[in-house]
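Here chain A shows up in two complexes: once beside chain B, once beside chain C.
Presenting the complex of A and B:
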């Protein structure tokens, strides 16, 4: 669906992207993570056809996006800084979109009013920052796009609205196989939304993986033993980290869930819990080698 | 089409202000003519007694100030200046404003090609300068004929305005070309008005000495000089061809560079 091949993007003396390769499947929600200045926005703007892909290739459904009007009809980009014409109401702005996008869905636009509960005739500039962001989603979803490119989209939304918007997006993906690529510097925000994760660091994509793959392979084990005993049985496990909290021992281990469990059971623990890791924890334990990139994403 | 309407709206207020300015300019200047014409030929004598450099700077040339059209010719010099400043700033602004106002990404993410964006913006600009020109034309005809003691000078004014229109086009495209080529939004307006001032200075210098005659090809202001237009009764074909050449070149530059470079977002 979305294919980026060896994209290099330079501005004057800055090399923002140094040969990025990225793939997003149709109907997928792809989370693009990265520290500040990693090149997320540059990549997204090139994907949206705003910047020219002068070195490398950026294609959506096999077609180049740059200056491609037909393709842009199906691709919507919500930037981190929103723009509305001054003194336009929501309805005025909808009129503009209606004329520009041939696949504008009027019914959808009307029905989404019940979600956002904003007045059609309200001047957009008088709305709060978060409400303006809601308008952006409202208008964008009314276009029924095939691809949504979102740059820090949930900033400024309250938690209720955040959830509503996430649900709307997931619904679109489930019903129409819409594809979403979403950038953030916040792992937690993307965890329950994305199925694929890509991490951009200093202009390079250092990791691209399916979220489930990441999660299946790594586990957190909480265990309490009756008395200190030999832990030789655990040696055959790939233990990344261990910690003692009073009588509770905490292990982070990589490998098959069943195998890990049976190893621990041999030691006859009083309590044995195996828990999935949060995305944040996975990155801390597994991706230490990318160092800075991950640290910045987690701490923010 | 959308971009065209948005640009028309965006420039409506400024156009109205410029039009009021130009009407006041013509009105107040022509009102002074009444007082001046009473003194008869003495005005010409006085002007002749002035040093040539002063005459050139004031745009007097060798116009006969005792006739209404001669007097209008002097005003025309200032109207030209107003019209070209308006045109060059309009051209520079309309192309660079997306980069200045950070609206490039909004525009370019939409299914509108860059060529369509420029064409709409140029159409809106041309309509703006046509309106400016018509307002100048109509107010000139009304005021000049009112003070002209019966002798109609409409034909002469039409000729002068035709010249002014071509000059407006040249400077509009100078503005758009500078904005399209320049990567630095901040300097676009000052650079294009700078070009205007330099060519304007050239046109004054040309009048100072006949040795500098050759410079007249470098300043569009000289292409449509009131004195020559009124003497010849038609636009000079050489300058006309030159003007068309400049306009075509600058419009190609505008399209090419706007398409070629990454716009600031």
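Presenting the complex of A and C:
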């Protein structure tokens, strides 16, 4: 669906994106993680056809997005800094979008009012930041886009509204196979929403993974051995990390769960536990050195 | 116009209903305000100035001439630029730019629709006001004051200027990333052609010997700027050539603007200049202008060559830093890179400057060959050279062309050392301007400041030629039968003396004698610095004579020089002489004082006693007559010692003053001061 090949973007002498490759499937919710200044916004704006993809390629459904009216009809972008025409009401803004987007769904627009509970004739500029963001979702969903590009969209929403919006998005993906790419600097925010995660760091995509795979593939093992014995048996495992806390040993290993367990059992441990890993831990261990570097930034 | 056709051809694809509706909704008030302003400037202004019984003279025609209210002109040069800034403000703001450009609307469509709306906002009010004015004209029967053609011309001019300035503003808006810069830069760009030419030519005045900025400025350089043109509209309505030029210019700006818009990198909004390739143009442009401005300042304050060079370096560096600071939006611009760019500039300018100094194009030494020349203009200034060859202020006779060439050669030989700062020649200093009209259609124009006294041998035969006299003295040009009345006023006019000659046969005789006087007068006689006896005006038949400026004066004026004895005796014979000039009988006595220094003059002019006992007082009529014949006006330049003359009436009141020039001091004065 969305395909980014070797995208390079330069601002003056600064390279904001250094050859990014990215792939998003149809009907998928792709989370783009990265610290401030990692290049998330630049990437998303290029995906939305605002910036020109002068080096590399950005395509949606095989077509270049830049200056492509037909394609842009199906793509909506919600920026981190929202813009509404001054003194416009929600209805005024809806009228504008109605004229711009041919697939505007009036019924959807009317029915969504019950979700957001905002007055059609309220001046948008008089609304709070969070409410303005709700308006953005309201209008965007009324367009019934095939692709939504969301830049830090959940900022400023309270937890109730956050959940509501997430549900709306998931519902949309489930019903119409809409594709979403969503950026955040906070992993936890995306955990329950995304099926894919990509991490952008200093203009490079350092990791791109499917979440389910990730969780199945990595394990935390807590063991206590009777006596210090040879641990040669563990050498055939892919151990990412180990730590000793007194007599308790802690391992993070990648691979098949059964295989790992059997490997440990050979050493006849006194205690052997497999513990669940949080997504944050998975990322940190997965990414090795870079993981530690960005730990403080994307994981609170 | 260009977009009109485009719009018609592909209405379905280029018009965006959303953008149009949105623009109307957001900016209709601007159009409304503009309409109201026009309403006050035109129709309401007419209604307020309707002619009445006792107030017949009205200025309605001037409303359509842009000459009525300054307000109209100011609106004409500001409103379209403002529209350009407002309608394209979305480009200069990151958030709105992102939002608009994420919409499924192509950039050329955005450009087309915003430009169209701007033109509509600027045109519709003008058209409505024109229609209202038309109905007012019919209702109040004002055909005598303004015609439908006046209205159409007014509306056409307003719309054209509006669109031109609007398009300039839009074009600049595409290049820049800040709304304020867009506004300022638009005006700079519109003044640039004029400003740059003026600056360059004024600087060349100082560097290039013989170069005359006057010549080029009079050659309509000033009117290159649309803004200057707007302010001159009351006197110079747009010509068809200008109209076509403006339409083409507008179309070019549309096409180029559209092209650049598509190239524009949106990530660069908030930059002063969005296109990196234009940064150098901007930077070096500002540097160059500052250099010229600084050089001009120093040249104008009479600094010599080295001061001017110093000024060039200092001011160009200043300009460079300012431009760099603006581009980087920072004061910390000093690094190796910056200096490298500035050094490159200095080297380029240095080479250019050396080229000019060594005159590699041969500009300074160029005197065309006699067989290349069709005619030559020679005067003290270019004020009469506005014409083409058709006017008779250009020498075409071989002898005179040769004389001018000789003078030119002598100037080059004598004056070649005085570039940058021309020597001051004091009293004899003259400006001479030469313009050769070549057979191949080119004009070579030069201007020099010379000491005229050195050139008498060449100037005298030139000015004594009939060709020259015909150029200078209108009386030789006109048909004597066109004279309706001749009036003679004495030199010192306020003594109620005047002579009017109205009898046709006398007019005929007087004209004939005057023509003879001018024809036979020598160069010295015609340039007599002594006070003339009086001034003669000849009233002409209406519109019968066109002078060299293209005006049609109702009368011509000439001096009654002291050497015109034939005319004097004719006046005497006819009994007019008594009232035609100041007579010795009008003067009771004269006083002549000899002044030795400026200090004494100052005292004298403050009416303080100079402290000298010796002063000449004369009641002798023949001495008074001699004085009247030989005195020069008081302000005439003379060296010290100066002879100052006071003329007194019988009430001991001073009537007027004068001085003697050295060569005209009468014998009796010399003798008196000899002892």
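Keep in mind that, in the parts below, the second predicted complex is superposed on the first by the 238 of 300 C-alpha atoms of A that agree within 3 Å, B and C clash if a C-alpha of one lies under 4 Å from a C-alpha of the other, contacts with A are read in each partner's own complex, and residues count from 1 in each chain.
Definition applied: a residue touches a chain if its C-beta (ideal position, glycine included) is under 8 Å from a C-beta of that chain, and two chains touch if they have at least 3 such contacts.
Just so we're clear, the structure is a prediction, and the values are computed from it rather than from any experiment.
Three-chain overlay on chain A, with chain B and chain C in a clash. In the superposition on chain A, A:92 contacts chain C only, with no contact to chain B. When the two complexes are overlaid on their common chain A, residue A:283 makes contact with neither chain B nor chain C.
Contacts of A:77 after superposition: both chain B and chain C are touched. Once the two complexes are overlaid on the shared chain, A:48 sits against chain B and chain C alike. Looking at the shared chain after the overlay, A:69 reaches both chain B and chain C.
The residues of chain A shared by its contacts with chain B and with chain C are 11, 45, 48-52, 67, 69-73, 76-77, 79, 81, 83, 85, 96, 99-101. Taken together, the chain C residues at the contact with chain A in this complex read 17-18, 21-22, 25-26, 93-96, 98-99, 101-107, 262, 265-267. On chain A, the positions that touch chain C within their shared complex are 9, 11, 42, 45, 48-52, 67, 69-73, 76-77, 79, 81-83, 85-86, 92, 95-96, 99-101. Residues 1-2, 6, 102-106, 108-114, 259, 262-263, 265 of chain B are the ones that touch chain A when the two sit in their complex. Considering their complex, residues 11, 45, 48-52, 67, 69-73, 75-77, 79, 81, 83, 85, 96, 99-101 of chain A touch chain B.
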